[in-house]
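What follows is a pair of complexes built around chain A, which joins chain B in one and chain C in the other.
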Partner chain A sequence: MSDTTAPKKSETREPLFHIAKREEIVWWKAWLIRAAAIIASLAACAAISRFLGGIDPSSFFRSMLSGAFGTTRRIWKLFYELAILLCISLAVTPAFKMRFWNIGAEGQALIGGLATAACMYYFGGRIPTPLLFVVMIAASILAGMIWAVIPAVFKAFWNTNETLFTLMMNYVAIQLVTFMINFWVTSGSGTLPPMSEYALPTIGNAWILNIIVISVLTVAVYIYLRFSKHGYELSVVGESENTALYVGINVKKVIIRTMLLSGALCGVTGLLLVGGTDHTISASTVGGRGFTAIMVSWLGRFNPIFMVLTSFLLAFLGAGANQISNDYKMNGSISDIITAVILFFVIGCEFFIQYRIAFRKHGKEEK
Partner chain B sequence: MARPAIELRGITKTFGSIVANQNIDLDVNYGEILSILGENGSGKTTLMNMISGIYFPDAGKILINGKEAVIRSPKDAFSHGIGMIHQHFKLVDVFSAAENIVLGHEEKRFHKKTITAEVKEICERYGFEVDPDKKIYEMSVSEKQTVEIIKVLYRGADILILDEPTAVLTPQETDKLFAVLRRMRDAGKAIIIITHKLHEVLSLSDRVAVLRKGEYVGTVKTAETDETALTEMMVGKKVSLNIERNAPKGMEKRLEVKGLTCFDREGAQILRDIGFTANGGEILGIAGIAGSGQRELLEAIAGLQKYQQGEILYFDPRTGKTESLKDKTPLQIRELGVRLSFVPEDRLGMGLVGNMDIVDNMMLRSYRGGKGAFLDRKKPKNLADEIIEELEVSTPGVHTQVRKLSGGNVQKVLVGREIAAAPTVFMAAYPVRGLDINSSYMIYNLLNRQKESGVAVIFVGEDLDVLIELCDRILVIGSGEITGTVDARHTTKEEIGLLMTRSVSSGPDAPETATTTEKEGDPQ
Partner chain C sequence: MSAFFTQLISILTRAIASWMPFLYGSTGETLTEKSGHLNLGIPGIMCVGASSGCIAIAIYGNAAGGLDAGSPFLCLLLSLLASFLGGVLMGLIYCFLTVTLRSNQNVTGLALTTLGTGVSTYMISKVQNADFVPANKFFTYSLRSAIGQNAVTDSWFGELFLSHGFMIYLAVIIALIAAWVLKKTRVGLNLRAVGENPATADAAGVNVSRYKYLFTCLGSGIAALGGLCYIMDNLNGNWEYSIAEIGWLSIALVIFTLWRPNLGILGSVVFGGLRILGNSNFIRGVDKSVMQMLPYLVTILVLVIVSMRNRKENQPPAHLGQNYFREER
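Entry: the complex of A and B
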């Protein structure tokens, strides 16, 4: 009989600790945990750089800070990077609040950028430049909307899985961009030369306009989500589709409408990237920001104001880590490692905010 | 001399800041039935889950047969001879009863004959009626429960824990179960039954242990107590258990359902030829075993469930017009001027949004009103304040997320909002499920007040005693059909119980006899 062995074994097994969900946590405690996580992550980074790269931790951090804030240009670049990341994160947020996992922001932004580039390529010089800008804006927004609404329609009417669908749409967009570049560029270089003469106007420097546009969008999205009837409807749909039906919300309409908005904002990101700064397009114009945006949005709890902070963190990490690989003549992997370590801590600490770990007091159960 | 099976000493369990069990001492002896009585949320199930190895206590010890035991898993519990029968059955649908019974029993090979013989032997000893070769999906709820009990006995359990076993049974099935439990007790088993139904406690158990808000109040001998005393122990103060029922007055036809038939996605029939009228100024009860089509019926009226045949008519008391609600969405129904309030069974999954605060939940129905694209949170805030005060909702504030409230308070928020919509038809599905006694009676009173103000109230309930006390007429529904309509003032639980299990379509003369007791629209 194996029955007799079971209780014996169980008597020796005693849980050392157990994990319990927290009911509520005071806000300062949560921030204390987050701060502790950031400090711990920096310490881990220092240790890694010391033992793997042989870099002195203090110069390591100095290098990181200088990458982000070292020169006026770097600061502008940091804020520009923050703004673009924030813009694409704003785009996915309404969808996420509706529990529609739009992981196709990369493709939606890229297709918006492609539409911009196409306008510049075909209409540049042929129609008055102010009109060109209007066409560019309309085309990019429309392209993003189309790319986003296709999976939304399938989700609304046939309940297809939006995660797979939006993901696949990314690859279609990338291939389409590659095809168009090959179609436009017949010389051997394979890259589209910048069409800077048709770029969006700049104020001061190349980045300010983007930053202004995105600041306005941030406030607008915040207001939309928090105070508008549409925003309310999409949260109800996200929280419980049954409740939405029960109160007479047209769920299909809300899904499609929200994804149109999401796609439109992605299109704007593409417009700003291509028309505002790059003046050309390649398959890597969006550069993975569409995926980073998922993290920005989640870490910011779908709140556009918090998302400013999370995109700042990610933009800072990107700039700082790049500087380190430059300063110490290491390849790009070091910046990936640093970013990964810090994110590991920052995301991991959310576990300790949600749960607490209780250690068993010894002696009570024993004997 | 009684031999203790389980002794609990100072058991404490907390979840976050919620103390589910605090310092509980409890004994169960072999050869007795112990009832654990307590309101919802008093910690009954948590306590039993610690004995059966699902949770591990934060503090305290469990003694089994006088020896201290550490129970870390259901397997450990089994090796100590403890078996728990959960509210939700854990059976494999496509397996036969015998296959389910041996499932997970590693030591034995599956010899069909020996197992069938063993199962038959257990059945005979305790008086179970079950066919070992029958597949689970062909079984009724009560048969499935029987399989669960045999499964536990087959594994040699001497201590049985049953979590609300009668919640899914008709009165007749309950009697049968109780007979079996008594036989098991006489055979020397220790039986613990969790329940909140007082009359069951009194008729079945030898002793009653009462829990209140996670604390152990005391144990009394069943023979030396009565309903009032037990309620007092459960609630902590005297409670009057009377529902005031006035004769309906000024009744007028409000809602008529005709030949309603509906199928689900797989083509299975859920409702079959349902027809009835609901009148303003009366409470129409709907009784039936859980899952007999009650939910679909109410959802069909609310415009949430499509139906293939039949019609639902609404008689507007203001205009005198008759409107058909067929093929209309909830929004279209409201736009017709039909003021239909609905408290669904799934409160947080359908009636409310758990992650939103009380104010945002208040405007679920009304947010469309007002001009412009933006929300007006002022009126919902006032409504929230009103409901919190009038219905004594205990909450830290109007901006507390609804899911953080207790079951009773969640229900008050929902019922309050639905009443505030000034309905002409008020439908409530299991509105007191999970509520404590005080909140339950408050809900009954609210329903009564709606009835007095001329609203047609439709009440789907599970407790037959309450249905009989509260309603004017009771519609009995079984497997998606109406099996009878009875006058609540002149019926008995047994009569309703029989109607619940009868099948109209299989009995040739059933429809006539089923409606003999009907006294529609005839106030006493």
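Entry: the complex of A and C
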């Protein structure tokens, strides 16, 4: 730059600011940015609901808190919702860490649930109950694995786009469930009556068993990703496939193995939903949690411990936003809007964690 | 004419009518994906497109003192414009997050779908069905009803090609233009370069962000028209909440047609036919849900075959789903 002539120098305009990748960020700074984003998003939501529904901010927050923590039952439900969301998020996390965009968790969990329901339907009362439980667990895990491994095999051997493949598998699963229900329920009502007598045993109330199982799974997945050789291999594949090839990691094997794990955990989610709480199945048993899990996992930076926090955030949002739409008779629209706006803020704030904005320094560059 | 032929023509006609709207969705999504962005917000965008189009009709109707008093042309124009702008606005949100802030595209798209369904439910709850349902007759006014009955319009040709509302033809025109732009123009070449390898495009002097913004927003606007078309042409103006599901099928259609809008015209008829078959008793003894599974299964099959044959021109854009940051390698 030094040898350019004076009039040319004025032509090379330096932009007002430029964006650079951060080397590293102190952990508390990152969380401060996230907290600021959540507070800003809540303020935005309060403003939006004031504008749309004439809800004043104080009753907005009161309604939201009461939806999540209002009664003991609601608190239990919140923690149950947190646990289920966490479980399905744990399932997608190993795959995401490998940069395998498995957005088919919805279908994988649904198929796991379908296998559970099938076992309850065909074997319930015919074989001893403890054996039935074993069969249910095995069937649901196997079903989830099969549903997940199909896209993985095609990805590994022919590099088929996994995002689109797993997305399509969701809808195949949903139609399959509808088909099986029509097949089982001859009356044509389209709903399978609960088979509560074959449900998984409960401890205390209907939710505690799920919560315990999922807590154990969280720790297990954390250890698997952080300390095992498998976990190391899949993160190398995620960072750079070429590096993985160079150091002698069998990429195909890692992809298939990780998706088997992912599918198995989805199957467990289906088992817990059908065998543990619902005791029946419908096309909406998983209810979009498979998609929400993608956000939970991504916002939690693929770390199972952080994901406890992010799934709490999303479970809280769901409960609170539902309460607002009930309280103000807004037919669900406001809860969708609130959830989306908060997500936008939280998604957007990651930018400020990963990048920094450097403003133009006046006069200092020119010597 | 044999009964089978008559039935076939009737199914084909309904296939065109029922699925052509979703040609909008797939054309829009193709343009977006060609710029390297997988927009999973299409279902939400289509919802917003439908509701903002309906709102515009309601507002115009009230201002003109009843829909019949005003000019049908102006009413349609306003409605299309509102729908398109609604889609562009949603596209802008998506672009700001994924292009400028480089957020994860899948996560942003899914959140956009949530927002879209919420916003459209809210908007439509503010007006009465009676305010916009009468506009349906403007949308379904066909050439056949303009010309009147004669030998041509009564024949199978008339039923198959002349009995549709104008939005069906508009979908075909937009798809053909999109295909031409992508294949034959410099803009299309640059756009494909951005989707295949943004770093190379950047080095060649293409403004990557501008292309991503422009075509993602344009694609969203086109997809939004699909929502309006679905409500007005197909459901006769009755608001229904199943648009989101249709949006997912539009995304499937993009894969099915190998990212080519001109193939999309045929593909949408195939999808439409499958859907009509799914809802009718044309094939006895097969459950509806099996037939409704078919579009997805066929899409998976296409995806698999294409990746196995590994022909370069049939692959998804190489940088689909990955954000571009100049300093990253």
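We adopt the following convention: the second predicted complex is superposed on the first by the 330 of 367 C-alpha atoms of A that agree within 3 Å, B and C clash if a C-alpha of one lies under 4 Å from a C-alpha of the other, contacts with A are read in each partner's own complex, and residues count from 1 in each chain.
Simple rule for what comes next: a contact is a pair of C-beta atoms (placed from the backbone, for glycine too) under 8 Å apart; a residue touches a chain by one contact, two chains touch by 3 or more.
Given the structure is predicted, the values throughout are model-derived calculations rather than measurements.
Applying the stated contact rule after C-alpha superposition, one finds that A:K21 touches each of chain B and chain C. Touch criterion met: A:M295 reaches chain C, while chain B stays clear of it. In the superposed pair of complexes, A:Y232 makes contact with chain B only, with no contact to chain C. Using the contact criterion defined above for the overlaid structures, shared-chain residue A:T243 touches chain B, although it does not reach chain C. In the superposed pair of complexes, A:V172 makes contact with chain C only, with no contact to chain B.
Looking at the superposed arrangement, the partner reaching more residues of chain A, out of chain B and chain C, is C. Applying the stated touch rule to the two superposed structures, the overlap between the chain B and chain C interfaces on chain A comprises residues 20-21. By the touch criterion given at the top, residues 19-21, 52, 101, 103, 154, 158-161, 163-165, 167-169, 171-172, 175-176, 178-179, 182-183, 291, 294-295, 298-299, 330-337, 339-341, 343-344, 347-348, 350-351, 354-355 of chain A touch chain C in their complex. Across the complex, chain A meets chain B through its residues 1-3, 6-7, 10-11, 13-15, 18, 20-24, 227-230, 232, 235-236, 239-240, 242-243, 245-250, 358, 364-365, 367. Within the complex, the chain C residues that touch chain A are 38, 40, 93, 97, 101-104, 106-108, 110-112, 114-115, 117-119, 121-122, 125, 248, 251-252, 255, 287, 289-290, 292-293, 296-297, 299-300, 303-304, 307-308, 310, 316, 320-321, 325, 327-328.
Touching chain A in their complex are the following residues of chain B: 14-18, 56, 58-59, 61, 68-73, 75-76, 79-80, 106-107, 302-304, 329-331, 333-334, 342, 344, 346, 348-356, 360, 363-365, 367-368, 373-375.
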